[in-house]
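Dropping the structures in below, format is structure tokens.
In what comes next, chain A is part of two complexes: it sits with chain B in the first one and with chain C in the second one.
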Partner chain A sequence: MRPIWKERPSPGYQAIKALVLGGFALVIVIPILVVISTSLASDRDIIDAGGYVLWPSHPTFKAYQTLFGGGLMGRAILVSVFVTLVGTAIALAVTIALAYATSRPVLFGRPVLLMVLFTLLFAPGIIPMFLVVKQLGLLDSLWSLILPGALGAFNFVVLRTFFMNVPGELLESARIDGASDFTILRRIVLPLSKAVVAVVGLFYAVGFWNAFFNALLYLNDTSKWPVQVILRTYVLQGKSLSADQLGVHPPSQPQSLQMAVVVVALVPIAMVYPFLQRHFTKGVITGAVKG
Partner chain B sequence: MLKSSAPKRQAKVGLPLAAKWRRDWQMVLLMIPGVVFLLVFFYLPVLGNVVAFQDFQPYLGIMHSEWNGLQNFVNLYDNPDFWDALRNTLLLAAVQLLLFFPVPIGLALIVDSLVSNKLRRWFQTIAYLPHFLSWVLVVTLFQQSLGGAGFINNLLRHAGLDPIPFMTNPDTFPLLVVAQLVWKDAGWAMIIFLAALTTIDVSLYEAAAADGAGRWRRMWHITLPSLRTVIVLLLILRIGDILSVGFEQFILQRDSVGPGAAEVLDTFTYYAGVVGGDWSSGAAAGLAKGVVGALLLWGANSLAHRLGEPGIFQRRGA
Partner chain C sequence: MISRRRFLQVTGAAIATSTTLAACGDGGASSGGAKASGELTLPTYKPFEGLHPDFPGAESGLEPGFLKFPADAISSVKAPPLKSAVTALTETFATPPPPMGSNPMWQALNSALGGELKLTIGTDPGYPEKFATLLASDSLPDLMWLPPNQGIPNIGPMLEAKFQDLTKYLSGDAVLEYPNLAALKPASWRTAVVNGKIWGAPIPSTPFGQVMMGNPKTWAKVGGLQCATADEFFAKCKELSNGTNYALEPAIINMLHMFGEWFGAPNGWRVNQDRSLTYLYETDNYKAAVEYAAKLWAAKVFYPDLNLADATPKTVNGQIAAQVTVGPRATSDFRNLDPTLFVDTMIPFGHDGKAKPTYDMGYGTVGFTPFKKTDEGRIRELLALMDYLSAPFGTKEYLIKNFGVEGQQYELDAGKNPVLTKAGNTQAPGLVSALQIMNSPESVIFNPAFPDDTKKVYATEQQLLKYAMRNPTAGTYSDTSSKLGPKLTAAFRDTIVDIVTGRQKMDAYDAALKRWKSGGGDKMRDEFAAVLPSSVPVTGS
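Take a look at the complex of A and B:
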């Protein structure tokens, strides 16, 4: 409903608004649609359209069969899924524990909090990070993609702000009844903060799935490459996938295969996106930022 | 039955250390994994920056490499590639700040003015999505759309026109970078302005309208002043992060555009150090960047305090 005091916008204004918002939305949607269409297109569609297909008239899943048929890409998907699942689980456990422990006035709470906040101010740099990972013997190990991302300062702040708003009386009464801090965390605090934990978990998952530079930096072994590095090498840099890397004979028109790689990188994000959006529009994140 | 083993956690009670330990040991235990992580993957690398003051040789390690004082920084000073990287970083940061920063504010104002909630939700759903896509994916989508063999240039060729080298022209690279940033993050950056807009008291608008203020005057005298705190906050965060400009974005496009336009401090560090084996120069450039970045953040924050804004690092009790 338009409030009474608000004047009706002139047609000119409305046209400009529609143009700006509509244009912005189309520019986002069209490339994604073209990529999905092309990944589903047959060789004939691609030749007819001269490269990119707006609508595949002979849709086929051949590109995906080729990709999932094993070889480099099949392994890359497994790597990415592993890193994302294990990474998210570890990161959530570490972050929840630290955020809860520093959300109450306890021993060492203050200095540990400052330790975390300092990371917001200064980044240690690429070379020292590389040297540390190398010294730990993590080069060419998937743990080099997981462990350095096990605590994000932003996610920490979001969780801690939420935990701080859990009423202290509730926790004190549980303590008086003899509950240990572990029990309180598990039985009282976590059930109260399911939504925010889910959002932070999804943020971590998206981060692990999207991580590219760590893999470039720490992994030389192509069999351990995650999806993002494959995407860069075979789509962005345009190197072709050889038959033995694919595990099957490569198709005559590489576009659909390349676009299928793009879609594989895109789909998990598109799947969790509705959940992410539902929760962050409830103000979980913005509330935390303001606090 | 109030047992002494569960004293209340009040900030001001002066318990002896042993009693505090007995009360809080489980909480301290919970801190351990996070603290270990911070020590190993943050504070140890921070200390590792000492290689910037060494003639670092990987086979000797940090302990046995020779110290050479500020020699690495002197070398950087004489290295034209470093100055290129610095110039590109500052140029790209300035262009991003000028051209990107206002976009989400403008978008948020338009979206906020929409009367239809349905339309608003639709637009938000589409606009937030690209934020969650990786830089590799974003650059790939741009390449497939605007690259030499991308569909825009295919259309141009079909129409008998010359293709335009959007993706490889070093002169227009800053604009390309901003376009990618707008595509990926303008929608997401809008979210916080939208949240701030909903907190504005509607009666202010009503009263202003009753006094005869039109839409522009209401925007100028009510909306924008209400957004001031948020704008300042985001500007500070942006300035603190300014030297990082968007590292993956550049490393992905350095090959196609060339280091002349796409080399920034972070890519310089990576290529000189990790790829080129000149660890100490790379670390020196990285350290210089980190220190300047921290100073910028601190400076911007104190400036905000001076202007009477809360900023990010708030003073206690304020």
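Take a look at the complex of A and C:
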């Protein structure tokens, strides 16, 4: 008799599986569909539906035209793309270099350095950070969004742990062949760590793409604001607690416009996932098994 | 998303605990500020002449109404105020404007002012953080908008250390040199007085507070929104709710605020005969309102999703019959969605048809804008700028600040009212919101597209004023309230919402009240009582 996992599942069981999985898929797809539909809906659709629209009966691109008409959104997308690409590249370079160095037992003063890095896990206060950014002359510059976040302690720990699991024998043999540390990192360690680098890169990219609070604090020039800040102002307009307390009351943005901003903020980063997903699964599994 | 429906809405309660954080009309108790404030001469009030509203305003708070924009706008200042650039921190509640370099409206304003007005525009929420970082880093702009109720602590010492005392330039008749500032009401000026000194020009906003609004088409089925007793309201709500349509939006705390008015609950604090204070939560009136709300919830007349962010579209399409809005002028929000809809505003009534209801007025200002410490010449220049930006409705300066330049940002419609053009719609809203929050004239009622609304809103305001009650502690300061007020209020409200929605029994009320008192409520009472101005009347008298 074959073991049970080699049996063909019964049609009934298949159907239940499909139902459950399909249900979960719907739970994920429907909210996104609603966001997209609402962004394409006309005012009439929105009033008829009382807010969110599942399927617009009079689709229109009006919301997107309004959104990009001001010029602010176009620039914001460029800013976000720049910060995400450059930020991720710099953050990966810094983190990989540091993780590799601290993963090798020969490094002088390693415990002290690790202790210092350990403190990075705790976020600094808003004002100390502001003072540092100010004294580095980064105020009102896009670098203020990139450099303070260039080393994530958590990502560093993940990478370092991974690098430590690269067999020492491999590195020794490379050294016997005359490879420098840089060559070892580039030719041996990195190719073995593609999966985890992709994962950490994705963490960084999502982090840079989603960040808005630093932009609020450090950037005074509205033309340098990233997409998320714009998203926040559109969605919160007319709904915030403080506006109510103050009694100022700008009308809320139309629901379609709010959802159009959500779509614009969501789509670019969501498009990255399919390309990295292969590595992503692999990376997570590797980490899980090797612990 | 922080929704105003779910958090500390500006109810009477919020005003008492969290919204008087800073306005400091009479300063801190420790520095003798209350006494000093009593000796201060407020700026002389001299209304702006040369404007003739269709419906006159009144000292009571009644806002003047304009059916159309005054023709041939007059000038309210003699010369451009600035000689050099000015930097300012402000906040926009609209979507941010294009930056100065690519914003012709901003540039036009600069040339009218005679110098560049460089604004650092904060967004909402996040302003207190921005304010705190600028302050801590000692890189202060010339002007910084200071909101009264956004949790900026230690106002008194901060002003003394970093900002300019403007008393001698503004107190008494000195203000007459700046006619637009002299046209701001004494009630507004109280906000800008801390430790007995004047620190900036106040920023008036509508003095009215929350009201309940309903879609008349929905309420027509049950004989209209207005009721004479709480039982009548209950019956109407029940009739309007059927499992798909509901009578009330699920903003429990806001709704409770309305019920509290019918049951005679005070606006924040009640001043007793012996001038001691009783807080809203301690009154039987509020407790009765909570019981009433629980009864309504049990009758399933509230829309069941407590997380509903914005009820407005549902009120427009009839799924929800009534919601609570910021004030009587909010009728325009519904017009925006459906131009054919003019919503009804509920006038408070006594719960049993006999008791006197109350109507809670709002805060009335959005704070003031203090100056960085500087020399006399610069102070005069900045005051002239304040004067310009506080130009009353209907003046040339008001047009430039709010609508830009004719033919570019705005055009005149058939009724000669300014209407933003497409360019204006891009350039104006974020900039105008940022300018209005740091300087404003006294508010008016003006609905150019629907002049009839102006008349109706004016009539509603007159009716509401019959029951008007102001928060006795507005403009005073309690340290405990700044630090603990919002937390205590939130904890108490959690219990109330639980009681209303049936998750807890009514006996949880007293336990929560006890926690509120021992957690800081009693201390707040002592602090507010110590600085209670003698001009504040005993409640109900």
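The criterion applied here is as follows: the second predicted complex is superposed on the first by the 192 of 291 C-alpha atoms of A that agree within 3 Å, B and C clash if a C-alpha of one lies under 4 Å from a C-alpha of the other, contacts with A are read in each partner's own complex, and residues count from 1 in each chain.
One rule holds for everything that comes next: a residue touches a chain if its C-beta (ideal position, glycine included) is under 8 Å from a C-beta of that chain, and two chains touch if they have at least 3 such contacts.
Worth saying up front: this structure is predicted, and the values here are computed from it rather than measured.
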Partner chain(s) touched by A:Phe182 [first = chain B, second = chain C, both, neither]: first
Contacts of A:Leu145 with chain B and chain C, given as first, second, both or neither: neither
Touched partner set for A:Leu217, first chain B, second chain C, both or neither: both
Touching partner for A:Gln228 - first (chain B), second (chain C), both, neither: first
Touched partner set for A:Asp43, first chain B, second chain C, both or neither: second
First (chain B), second (chain C), both or neither touched by A:Ile269: first
Contacts of A:Ala101 with chain B and chain C, given as first, second, both or neither: first
More chain A residues in contact [chain B versus chain C]: B
Touching partner for A:Ile127 - first (chain B), second (chain C), both, neither: both
First (chain B), second (chain C), both or neither touched by A:Gly71: second
Set of chain A residues, in rising order, touched by both chain B and chain C: 50-51, 126-127, 130-131, 213, 216-217, 229, 232, 235-237
Residue ranges of chain B in contact with chain A within the complex: 2-3, 6, 8-11, 17, 20-21, 23-24, 26-28, 30-31, 33-35, 37-38, 40-49, 51, 62, 107, 110-111, 113-115, 122-130, 132-137, 139-145, 149-151, 154, 158, 183, 186-187, 191-192, 195, 202, 205-206, 209-210, 214-215, 240, 244, 247-248, 251-252, 255, 266, 269-270, 273-274, 279, 282-283, 286-287, 289-291, 293-294, 297-298, 313
Chain C - residues contacting chain A, complex: 1-5, 7-10, 14, 18-19, 92-99, 101-102, 120-127, 129-130, 132-133, 136-137, 139, 147, 149-150, 205-206, 209, 308-310, 312-314, 316-317, 319-320, 326-327, 329-330, 332-333, 336-338, 362-364, 366-367, 422, 426, 429-430, 433, 436-437
Chain A residues within the chain C interface of the complex: 43, 46-51, 69-72, 126-127, 130-131, 134, 213, 216-217, 220-223, 225, 229-230, 232-253, 255
Of all residues in chain A, those that touch chain B in their complex: 1-3, 5-7, 9, 17, 20-21, 24-25, 27-29, 31-32, 34-35, 50-52, 93-95, 97-98, 100-102, 104-109, 112, 115-117, 119, 121-132, 136, 147-148, 150-151, 168, 172, 175-176, 178, 180-182, 185, 206, 209-213, 216-217, 228-229, 231-232, 235-237, 259, 262, 265-266, 269-270, 273, 276-277, 280-281, 283, 285-286, 289-290
